[in-house]
Amino acid sequence: MTRDEVSQLIINKKRHKQLKWVQLAEAIGQSKEWTAAALLGQMTLSEAQAEKIGVLLELPVDAIEMLQVVPYKGSLPSAVPTDPLIYRFYELVNVYGVSIKELIHEEFGDGIMSAIDFSMDIRREPDPNGDRVHIEMSGKFLPYKKY
Amino acid sequence: MTRDEVSQLIINKKRHKQLKWVQLAEAIGQSKEWTAAALLGQMTLSEAQAEKIGVLLELPVDAIEMLQVVPYKGSLPSAVPTDPLIYRFYELVNVYGVSIKELIHEEFGDGIMSAIDFSMDIRREPDPNGDRVHIEMSGKFLPYKKY
Amino acid sequence: MTRDEVSQLIINKKRHKQLKWVQLAEAIGQSKEWTAAALLGQMTLSEAQAEKIGVLLELPVDAIEMLQVVPYKGSLPSAVPTDPLIYRFYELVNVYGVSIKELIHEEFGDGIMSAIDFSMDIRREPDPNGDRVHIEMSGKFLPYKKY
Amino acid sequence: MTRDEVSQLIINKKRHKQLKWVQLAEAIGQSKEWTAAALLGQMTLSEAQAEKIGVLLELPVDAIEMLQVVPYKGSLPSAVPTDPLIYRFYELVNVYGVSIKELIHEEFGDGIMSAIDFSMDIRREPDPNGDRVHIEMSGKFLPYKKY
Amino acid sequence: MTRDEVSQLIINKKRHKQLKWVQLAEAIGQSKEWTAAALLGQMTLSEAQAEKIGVLLELPVDAIEMLQVVPYKGSLPSAVPTDPLIYRFYELVNVYGVSIKELIHEEFGDGIMSAIDFSMDIRREPDPNGDRVHIEMSGKFLPYKKY
Amino acid sequence: MTRDEVSQLIINKKRHKQLKWVQLAEAIGQSKEWTAAALLGQMTLSEAQAEKIGVLLELPVDAIEMLQVVPYKGSLPSAVPTDPLIYRFYELVNVYGVSIKELIHEEFGDGIMSAIDFSMDIRREPDPNGDRVHIEMSGKFLPYKKY
Amino acid sequence: MTRDEVSQLIINKKRHKQLKWVQLAEAIGQSKEWTAAALLGQMTLSEAQAEKIGVLLELPVDAIEMLQVVPYKGSLPSAVPTDPLIYRFYELVNVYGVSIKELIHEEFGDGIMSAIDFSMDIRREPDPNGDRVHIEMSGKFLPYKKY
Amino acid sequence: MTRDEVSQLIINKKRHKQLKWVQLAEAIGQSKEWTAAALLGQMTLSEAQAEKIGVLLELPVDAIEMLQVVPYKGSLPSAVPTDPLIYRFYELVNVYGVSIKELIHEEFGDGIMSAIDFSMDIRREPDPNGDRVHIEMSGKFLPYKKY
Amino acid sequence: MTRDEVSQLIINKKRHKQLKWVQLAEAIGQSKEWTAAALLGQMTLSEAQAEKIGVLLELPVDAIEMLQVVPYKGSLPSAVPTDPLIYRFYELVNVYGVSIKELIHEEFGDGIMSAIDFSMDIRREPDPNGDRVHIEMSGKFLPYKKY
Amino acid sequence: MTRDEVSQLIINKKRHKQLKWVQLAEAIGQSKEWTAAALLGQMTLSEAQAEKIGVLLELPVDAIEMLQVVPYKGSLPSAVPTDPLIYRFYELVNVYGVSIKELIHEEFGDGIMSAIDFSMDIRREPDPNGDRVHIEMSGKFLPYKKY
């Protein structure tokens, strides 16, 4: 059983049982964003968390074990994503990348926003002209070490 | 004079004059995020805005005119960015892409977050363990039209 | 069962039963263009629609369920398509891309034609010199938000 | 003087003189779509047409001559376009490509829509929910020759 | 059964039965060039043709049906072919491409040689210094439509 | 002066002087196909030939010398050509590649058609349904050496 | 059974039976270099040779037949090889390519070294500072045909 | 002055002065293969060697200095070379790569042939059927260190 | 059984048996770094080593044999790695590559650090600000041979 | 003046003045590794540091200013480096990447070694069998944040 097959199995089981990501997240005491990433093969569950998910989704032992292994990360099948929703984020990096770089360097100096010490929150933002997707990201600023 | 040369000139002039992005933004009544994107060749200024920037940064007429032309967008020199700061955002798309897709579809159904009817806010988030970069994105949800 | 296998199964069943796309489209109350896209893994059916298609094409439960899941979109196996018919459209984007961009910006200003709030109509255009393929596309113009 | 420089020069001259594509098109008796493509280095003008454009835009002799040479076509700097407006058309090919193929083959049999014996019309479609970009394409159907 | 599997099956059956391409071609009343392309997944047989081939090569019903479906064309596993024989043709396009373009445009004006209304003939050309491969191609010239 | 600049200069001079490829070819006693390839940087002229072309096209000494140097071959700016005329040949390799391979191997055994001991002839083939481009290629068959 | 599977089977059988390439080569009267290439899917055996190998390695009939079919050549899974031993040869082409080209053209004029009428010999070259790999290549020089 | 410009200058000077690579090689006491590689930007000359070449080819001081700097190596403009002569070597790596690997490992065990402690000799091999290019390579075998 | 399957099996067995890499390394008398590389398909075990690992991990005979075969090396599924941990090393090569090259050449002259006569040591470096990963690499310097 | 031109200028000036990296490093109170990276366009100098380097290398004001601007990082001209010295490091990532990942995760859990809070030391390691390049890397371990 490969990690991709575990991810596919989880998506199918979740659909059959009509569970929401937020319900799975509450079961393991994490956010829905982290939980989705973990169950889709990008983060690592503790043994206790994996077992809770295993019970909720009736996963086989093999799958439960795999959820505790650090995965080879990267969820997209091509360097430039073809899916329109995901491509829009790639486009934002392409269009705004240099601007974000300028603004962060102006504020913080040379360094990066961590993608590891990082959290994300996605929610609906009601709007009379059509609701909006609201995403907040928070990543620790890491200055380049001088040595 | 190409658009890239205009962008390079603006960065140099801004450095010489010790101006901040927020000062340029206030001069044209937009956010610092939109302003940086516009001056770096990704958005289009109105004639009045272009002239104000032209005065502030002592740009030649050619450059002022070019800022009013809709640019061919895309600010990165390669499909997978090599700059560590920008790469981290590409990595977030790679690691979280499928999860973001799952969460948005669960909440909104089939569709995308617009990268056009979109705004972004970048700011420092003080934190005793090291300050953080805080980014908020807001994009209109666009449902796939059924016809 | 993967989504690709569902698409392949639908193509085979449709051929065996000698059904036309327009017949499948009428059964679910959509256009033939949207219907073909949906059944080939690019759009999402409602439960009622999926069940009607399931009956018409004698699909297994698994396939009927999958038609209701938002798919990872993108129907081509390579970045530059090799199939001559599809390549011609890619070529049109390559040859006319910058011209279309100029004409839309001249008429509407900076922004894009939505590929989400979008519809398409394909039909035969009789012509004494040989019939023609006639395609109409209509996409909402989305102006870049200034903020 | 390269062909790209001629295209760039034409865009600049057109902006300075505040001419519309439709005005340039009328001057040479063609559509605005074909005219934009020709002046941006994708089609070939006759001698009379090139000279009319040369007068209108005050082009040097070199540029007028180049407009009469069949160009090496292809207007985009990368295989997958980075500009959001142009990318949307690439995305349409990606999402709808196989569906268009299915529908054309069902109607016409094996063959392609010509991208050479082809015309295009782009216009504004007023709509209370926001105006739309309306594009009509008409290409001769070319059946695969059996021999 | 995928189209690739049908092609592989045909190659094996043809080898076992010691049939030549020209024999298969005669059975369906086409040239050996078109017939090889069709049986290797690039062209579409009529029902009568598919059944004759089915009998000759003892193909299963599934394969016979697939030969009547318009295939997703493109026979090579990579953008630059690795097989030395096929690469030589790619090399010819690379070395002679611009020259062929110049010569065709000089003779015909702007347009292309059709790859659809096209036929090809491959034969042995006896030569005392070593026999030669002789290939004739004939494609309709298609002038770019002005509109 | 680079080889590309020599090629560009030759194309410009040829246009100004209204010379045909066949006239340049006769001047050096070669075919128009070989001559176009040589003058566009893919073949090597003898000293006498280079000087004749130099006189005809009024080339500087530098260019005349460069025509006698074996060039780094390959005339296309990208692995998959974007120009529609040249792409059609690439498409033919893609669609017919495996078929040509099968037919040559059936006739000759394992080996290739030489792209070096090779000649080509391009001419107009009159046809009431529209004239055709007729191309003949002749390349020595080279069997794989067994050792 | 694909050709790759035949190659894999041969490698396994050879290891189990503890045979050397030179022993397989002697059995069919060829060099060890040609034999390895043929059995790994790059050259074509005669019927007699295939049967001898079939007996020696206890291959199934299917595999014996496949060894007599001209293969689609190219043994590497990526354009730039990742295996360090094979990469060193790619590196030699990269570092020395232009130099080899210069030296061959200086000696022979415009043309190539054939990779078809070609033989290779690999052997150990004893050396007190560490034994060396010694490779000799011999390929017929093919001058570009002038026509 | 870039290293590429130095290489181009050397090729031009060498042509004007009608010098052979072997003459340049003798002047600095190295082989013609190493000398060509060094002068084309792949190896590093000593100060004495660079000055001798500088006198012979009348190079400017800048160029003489650059010949003593370790270059960024790699002489080809694309990952898969387009020049037919150089491509043939790439093809040999592709067709024979796995076979060479098998033969070296059988003889030496796990390790590589060094491309650094390496020498090459290229010479004409007279042959009544057409002269041949003969290349000898000798590289130290480097076993993988176990630790 | 492919080499990838052997690697996957070893990872699973190791997890089930709760063995550490250092325990496997001690069993065969090598470092944990070399051992991990060997068991993950990049190095070659001796017969005795393979059998010890076979017993420890209860591997089938097939897998034990494969561990003694020199593998086709390269452990990553794409040219630019997507996994964040591995990408950081790729980024270091990208950011520091030219600097490392300068420093090694300044110290040693033209040549390389061997990746074959090479060893590596990875360990935890305690640090009050957060523990660090400490990696030591030692590779023989190989000077370019002059000949 | 672009950043690349600044890097090139620094390399030339350093060579003319016969300065070592360690001397430049001492002048600004950093290590030679960080200093080389900074002067080659990958790190950012303080104003005082830039001025010291400016005096030492006689740089123009423009260059001194650019050394204080955060650069767009990435020092290599292609995704897979062609220079043999730099490629060896890429190869190490390819061959050892998954092993390093396994060993770090076993020791630290899920997370990465920082390439930002990172230092490196390169030195000569004397060895009777040929001196070795010794590289030490130290990067903070960053655990994936759970949220």
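Here the chain labels run A, B, C, D, E, F, G, H, I and J in written order, and each chain numbers its own residues starting at 1.
As a convention for this text, a contact is a pair of C-beta atoms (placed from the backbone, for glycine too) under 8 Å apart; a residue touches a chain by one contact, two chains touch by 3 or more.
These numbers were taken from a predicted model, which means no experiment stands behind them.
Visitor: Among E-F, G-J or A-J, where does the D-E interface recur, judging by over half of the contact pairs matching in residue number?
Guide: A-J
Visitor: Round to the nearest whole Å and give the separation of the Cα centres of chain C and chain E.
Guide: 29
Visitor: Could you give the separation in Å between the centres of chain A and chain B, each centre being the mean of its C-alpha atoms?
Guide: Chain A and chain B have C-alpha centres separated by 23 Å.
Visitor: What is the distance, in whole Å, between the centres of chain F and chain J, each centre taken as the mean of its C-alpha atoms?
Guide: 47
Visitor: If a residue has to touch 2 or more other chains to count, which residues of chain C qualify?
Guide: Counting only residues that touch two or more other chains, chain C contributes 11, 33, 72-74, 76, 79-80, 82-84, 91, 94-95, 98, 101, 105, 111-112, 114-116, 118, 142.
Visitor: Which chains are in touch, pair by pair?
Guide: Going through each pair of chains, those in contact are A-B, A-C, A-D, A-I, A-J, B-C, B-D, B-I, B-J, C-D, C-E, C-F, D-E, D-F, E-F, E-G, E-H, F-G, F-H, G-H, G-I, G-J, H-I, H-J, I-J.
Visitor: Touching chain F in the complex: which residues of chain E?
Guide: Counting only chain E, the residues touching chain F are 11, 20-21, 32-33, 36-37, 40, 42, 73-76, 79-81, 83-86, 88-108, 111-115, 118, 120, 122-125, 127, 129-142.
Visitor: Which stretch or stretches of chain A touch chain D in the complex?
Guide: Chain A residues touching chain D: 80, 82, 84, 87, 91, 94-95.
Visitor: Note which residues of chain B are touching chain C in the complex, please.
Guide: The contact residues of chain B facing chain C are 30-31, 33-34, 43-44, 70, 72, 98, 101, 105, 109-112, 114, 116-119, 142-147.
Visitor: For a test of understanding, state which residues of chain H touch chain J in their complex under the given definition.
Guide: It comes out as residues 2, 65, 69, 72-74, 76, 79, 115-116.
Visitor: In the complex formed with chain I, which residues of chain G make contact?
Guide: Residues 11, 15, 77-78, 80, 82-84.
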